[in-house]
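When the chains are written out, they are named A, B, C and D in that same order, and each has its own residue count from 1.
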């Protein structure tokens, strides 16, 4: 199990390969990568991500430990960036490994749902004309109910 | 949309990066990679994958087109190997890209469920002592019912 | 004349991957009945249709489907891809 | 003394990321009531608690939770990670 909170970019392909190689006994590997999308108007300059050092690592570790146990994962990985990101930059990724695919998929969706609404990150969209904190989506909060 | 049926190995990390770079407008990328698992006894020498050239490409294209439409994907990728594989070799991968994560996850699971039971591939386990065609799993057939 | 293809253990039991068959069978079931009468290896391969699947011109089909216009028929066990 | 941390727009409204507060408040709600009395910017930041979340010693908590033994309290809007 590996949790990383970092300002540096990461290479999702290299991370996926390293994860797959260390996940012995797995038949199924699922990855999710979140990409910085442009603003609705197509003028996003920077997506600034703030976090709560200390609590972030605790929250992600707790979520990942729950996923490992509940879906008998052979391994799992969470990487989340903070700081200034540009459109098309990867923001974060999770990877899960298990014997069969159903568990790897369920665990990855669970990780994402909890990470979206329970890990202390906040996004701010900065365009040429304005600066807005991204509002939490009601459907993200609702998604937690299924677990 | 890209469908590849090949005997050559593929690099899941490099494929993931290439897919992410071409998936413009996507905020969510999901990949699934199937890995050759060892036999229960731990003595698998070769996993031989047979397929039906012609029908394989047709079936995968049809499944991928359905996924693109139903979940409004910005892109999707399917790679499946045939021939002789060794334990820990990647067998296949799918990747899906969409604006939000729910669609990318659902489409990847749909692709996998259909690919497992409706694309003409057959696996044969060859160990030092015997050769067995892998039996279809009842739960794989059942998984199709949810779509 | 129709191209008949066999895959996986069906291919192994029948002993060849494809053959051309001269037939006027109306349906898949009729063709199977003709093949079974030919030789023991066909009877063995087609002894349990519930463990077989059929494709007509590379599309999954049913055993009672008509063969009119079909150029290629394939028999194989349930698929195990992924 | 308790460390009070603010994130995102809560931090911007209050104008600082953290401060130490001398308090004998029994609960989170009591502490908020004290802060609101201090200055306008606190009243503004805490005007709608339904749009705020609170963590006690880096664990999500509730506004009626007791503060006894707590060393660090953080206020922030609903999280938007991922």
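Just so it is clear, a residue touches a chain if its C-beta (ideal position, glycine included) is under 8 Å from a C-beta of that chain, and two chains touch if they have at least 3 such contacts.
Not measured: the values here are computed from a predicted model.
Student: Could you tell me which chains are in contact with chain B and with chain C alike?
Tutor: Looking at chain C and chain B together, no chain touches each of them.
Student: Just how far, in Å, is the C-alpha centre of chain D from the one of chain A?
Tutor: Distance between chain centres, rounded to whole Å: 26 Å.
Student: At what distance in angstrom does the C-alpha mean of chain D lie from that of chain C?
Tutor: 72
Student: If you average the CA atoms of chain A and of chain C, how many Å lie between those two points?
Tutor: 48
Student: Would you mind pulling out the distance in Å between where the CA atoms of chain A average out and where those of chain B do?
Tutor: Each chain's C-alpha centroid was found; their separation is 23 Å.
Student: Among the residues of chain B, which are close enough to touch at least two other chains?
Tutor: 34, 101, 112
Student: Among the residues of chain D, which are close enough to touch at least two other chains?
Tutor: Residues 82 of chain D touch two or more partner chains.
Student: What pairs of chains are touching here?
Tutor: Here the touching chain pairs work out to A-B, A-D, B-C.
Student: Note which residues of chain D are touching chain A in the complex, please.
Tutor: 5, 7-9, 55, 58-60, 74, 76-82
Student: Under the touch definition given earlier, write down the residues of chain A that touch chain B in their complex.
Tutor: Residue list for chain A touching chain B: 11-17, 20, 23-38, 88, 90, 99, 101-102, 104-105, 108-109, 112, 143.
Student: Report the residues of chain B in contact with chain C in the complex, numbered from low to high.
Tutor: 34, 50-52, 54-55, 58-59, 80, 91-92, 112, 115-124, 133-136, 140-141
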